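Below are structures written as structure tokens.
The following pair of complexes shares a single chain, subunit A, combined with subunit B in the former and subunit C in the latter.
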Partner chain A sequence: MSGLWGVLQEHFPELLAGFLVTIRLVAIAFVIAMVVGAVVAALRISPSKWLQRIGGVYVETFRNIPLLVLLFISFAGLRRAGVPITPWIAGTASLGLYTAAYVAEALRSGAFAVGKGQIDAALSLGLSYASALRRIVIPQAFRSVIPTIGSLVIAMIRNSAIVGVSLLALPDLLKEARIIQSRTFETGEVFFWAAIGYLVLTLTATVAFRFLERRFEVRR
Partner chain B sequence: MRSTDRLRQTAVALIALAALVAAGCGGTATETTDTAASGGEAPAASLDRIEEKGEIVIGVKYDVPPFGFRNPDTGDVEGFDVELGRAIAEDLGVEPRFVEAISDNRIPFLQDGTVDLILSTMTITGERDQEIDFSEPYYIANGRILATKGSDIAGLDDLAGRPVCTVLGSTYADTVEEQAPDADLQLVDTYSECLELIQNGSVEAVVTDDVILTGMIIQDDSLELVGDDLTTEPYGAGLRDGDTEFQKRVNEAIDEYKQDGRWEASYEEWVGQYTGIEQQPPTMTLKEAIKLAP
Partner chain C sequence: MSYLLDPANWQWLITDRDVLFILEGFLVNLEIAAIAIVVSLILGLFLALARISTLRPLSLVAGLWIDLWRNLPLIFMILYFALAMPQDWREAYESIVPAFLPEALRSGRVLAALSALVLYNSAVLAEIMRSGISSLERGQGEAAASLGLTYSQSMRLIILPQGLRRMVPATVSQLITLNKDTTLVSIIAIQEVMRHGRIVTSSNFFGGVQAPVLQVFIFIGLLFIVVNLLLSRLSRRLELRERKRTGTTLRRVSGLEDQVAAESDVRSGY
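For the complex of A and B:
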């Protein structure tokens, strides 16, 4: 079968399998990115200069290394050094830690947007620094960072395609498309459907985040 | 005031972008229209175009010793395929220019005119013959299994449930699926990646042509060939579909190469001295090769 719809009909199971792998990859990486990003952001805004510096090193490192290089280091490099890291762990960790650097910066600027005045006010009311963070700063910061986190999620969905093309050989959507293309040579058609697949994911994320934005909108 | 500033900034940005795009495309635009034109015209134009340019662009492997690989000391690409490429270029009276063609992109490169000829350990199959044309077979390889010395993999049956590597776009993706369907097939871009994976333990076997595997053993003697010949793989030079004039010339060049002793000399230099196996130039015809692998 050939032609645009023919290709979809004939190879739907494989494309769907790849699509699900991509979702899984992005979901796990997202969790890693949010958790690590929050920790690093907390380091960055902490009063201790040392902790700030550690957070700074993390952000600079992971923002300046290309994701593909990170993948090679985490998989090929670590394995040669004897660490039994699996493709899944290397892939999700690389994507997650890479994005975490950006999440940390987004959270940090969100926290700053809240304004030092609020922290001072909270502290003068007798709240501890941790309570001030938790009850005053974070809820407000959260609202303002939703759009930025949204675009980071979309970036992650696109970056996940890099994982599939790398040495890790994870069978994500792009990889499945490449396998089909190498057999049938229906290049334009199969990559069109891969693009549609990624578009479905990014549009879903866009809609979801727009919903969240509206839900948590500050009513002035 | 502000809006004219913004307008000016946008204009400058657009002009800069246009300049970048023009610079980037300017070089390739003429090339692509050239190849598009000759691709659409009578295929015989391929030979004319080569003679006109005085050069033939040949796609070879850069990381598959001993057929096509970059010598780390000299930086030049060399190997059995490369030697044959030089011989064909000499026969046509043009200079050879080698570019890298991995299994995954070699046929698209041929179809879109990036290369004129493919000499990259490419097996003749009926399926590929629908997309491109082949020369007569110039080498017969056999599919084998590579495993680490001391592993318990001795043949196809042992591959069940184990991670096995081969390259995207090669015939072995199908071979493994047919002959060892329970193997956990990992597809990567190049054989050097398969070597990396078996060396770092993520796969336990690599399946491909014996000569490619021999190249790996030359680099790492903790690996060995196991099991019997899985398949017969006649290599053919790839050319554009319908390019019959060019095909005839290439076949003549290859035929002479086989007859006058150069084939044997090249074989001995690149393959024979490592495998210790004697071989004669193949006599299989293209038709027979296609019958083997429709």
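For the complex of A and C:
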């Protein structure tokens, strides 16, 4: 069977499987990125110079290193060193830790946007630093940070393709497309549907975040 | 941990030509990035002009084009172009390419890699330029018009020089991303640093000393970190200088991954 719709009909199960793997990869990596990113952001804005520096080292390391190099280090490198790392752990951890650096920076700007005066006021009212963060800074910073996080999610969807391509046992959408293409050589058709798959994901993410932006909009 | 720090595993750094071989590969990455950024800037300018054009259809098409290339994974594009590129294009490239370029850049697959990189980066740069241009107060355009300048004159003499200057820090940031993305071309067997790294790790390549994967790629990672750190310092300095000159800089361009946050460094209280 050939032709655009023919290819879709014939290979839909495989493409769908790849599509779902991609979603799963991005979802897990997103959670890792948000958690680690929040921790690193907290380090970066903490009063202690040393904690700030540790956060800074993390951010500069993971922002300036290519994701592919990170994947090689985490999978091939650690495997050869004897650490039992599965492809899923290497893939999600790499993507997650890599994006966490960007999340941390986004959260940090968000916190700055709230303004130092708010923290001072909270502290002078007797709130602990942690309480001040939790009740005053974070709810406000949250709103301003939504668009940036949205674009990071889209970046993650795009970067997930790198994970699939380099780690053998992670058959994501791009990987499936390559496998099908190498069997049937219907390059244009298969890659067309894979592209549609990725565009569906990024479009959904864009719409979802635009909705969130509007939902949490500051009403003046 | 002991594996990581074991000096025997770092022996390869001083043995024979391993490090040199890796650096040669790294040079290929930098060259690809350089070519891609130059072509992307030119193409991006045209795209940006199309995007802000008053002709609705042109602006719409440019917008769709930009959104398309910004949303697809770059590795997807590289792979597709490499697989779908007709043989004659590949041969045409190989006959055109100048001889002073290194061996690695003369393969026909480089055309596929560069096409993908340029399509993506021109779209991103177009958005950056559009942000830069639209960040100018309307007054500039209106003043130019009231002086009797035509659209193209006001663009050329007033709007573009100012708008484009504002986007320099963001462009340098994009160059950092581009640097990292050049590693992706190793997937289509272009001989750059990732490939050279893998060759070095295959046993007894140079001088018979085992170069373990972990150490080799940590070294490669450090190469990128150093170069990109320098670029981000440059970007920060440019942004601060621009702010001192004009009092305003380009705020966040929506949707860019690598935004070097110069403003967070200005210790205005924190």
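Methods note: the second predicted complex is superposed on the first by the 217 of 220 C-alpha atoms of A that agree within 3 Å, B and C clash if a C-alpha of one lies under 4 Å from a C-alpha of the other, contacts with A are read in each partner's own complex, and residues count from 1 in each chain.
The definition used in the following text is that contacts are C-beta pairs under 8 Å (C-beta built on N, C-alpha and C of every residue); 3 or more make two chains touch, one makes a residue touch a chain.
All values derive from a computational prediction rather than experimental measurement.
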- request: After lining both complexes up on subunit A, report clash or fit for subunit B versus subunit C.
  value: clash
Query: After superposition on the shared chain, which partner residues are touched by A:167: those of subunit B (first), subunit C (second), both, or neither?
result: first
- request: Once the structures are superposed on A, label A:179 by its partner contacts, choosing first (subunit B), second (subunit C), both or neither.
  value: first
Task: Quick one: classify A:94 as touching subunit B (first), subunit C (second), both or neither.
output: neither
Task: For A:116, decide between first (touching subunit B), second (touching subunit C), both and neither.
output: second
Task: Quick one: classify A:187 as touching subunit B (first), subunit C (second), both or neither.
output: both
Task: Based on the superposed arrangement, let me know which partner A:151 touches: subunit B (first), subunit C (second), both, or neither?
output: second
Task: Pick one for A:66: touches subunit B only (first), subunit C only (second), both, or neither.
output: second
Message: I want to verify the contact counts: of subunit B and subunit C, which reaches more residues of subunit A?
response: C
Task: Could you tell me if A:84 is touching subunit B, subunit C, both of them or neither one (first, second, both, neither)?
output: first
Task: Kindly point out the stretch of subunit C, out of 4-12, 40-48, 58-66 or 256-264, that overlaps with subunit B after superposition on chain A.
output: 40-48
- line: Interface residues of subunit A shared by subunit B and subunit C, listed 76, 80, 165, 178, 187
Message: For a test of understanding, state which residues of subunit C touch subunit A in their complex under the given definition.
response: 3-4, 68, 71-76, 79-80, 83-84, 176, 179-181, 183-184, 186-187, 194, 197, 212-215, 217-218, 220-221, 224-225, 228-229, 232, 252, 254-259, 261, 263-264, 269-270
Statement: Within the complex, subunit B is touched by subunit A residues 76, 79-80, 84, 86-87, 165, 167, 169, 175, 178-179, 182-183, 185, 187
Field: Contacting residues of subunit A [partner subunit C, same complex]
entry: 45, 60-61, 63-70, 72-73, 76-78, 80-82, 102, 105, 108-109, 112, 115-117, 147-148, 151-152, 154-155, 157-162, 165-166, 174, 178, 181, 187-188, 191, 194-195, 198-199, 202-203
Field: For the subunit B and subunit A complex, residues of the former touching the latter
entry: 103-104, 107-108, 127, 131, 165, 168-169, 173-174, 186-189, 193, 196-197, 199-202
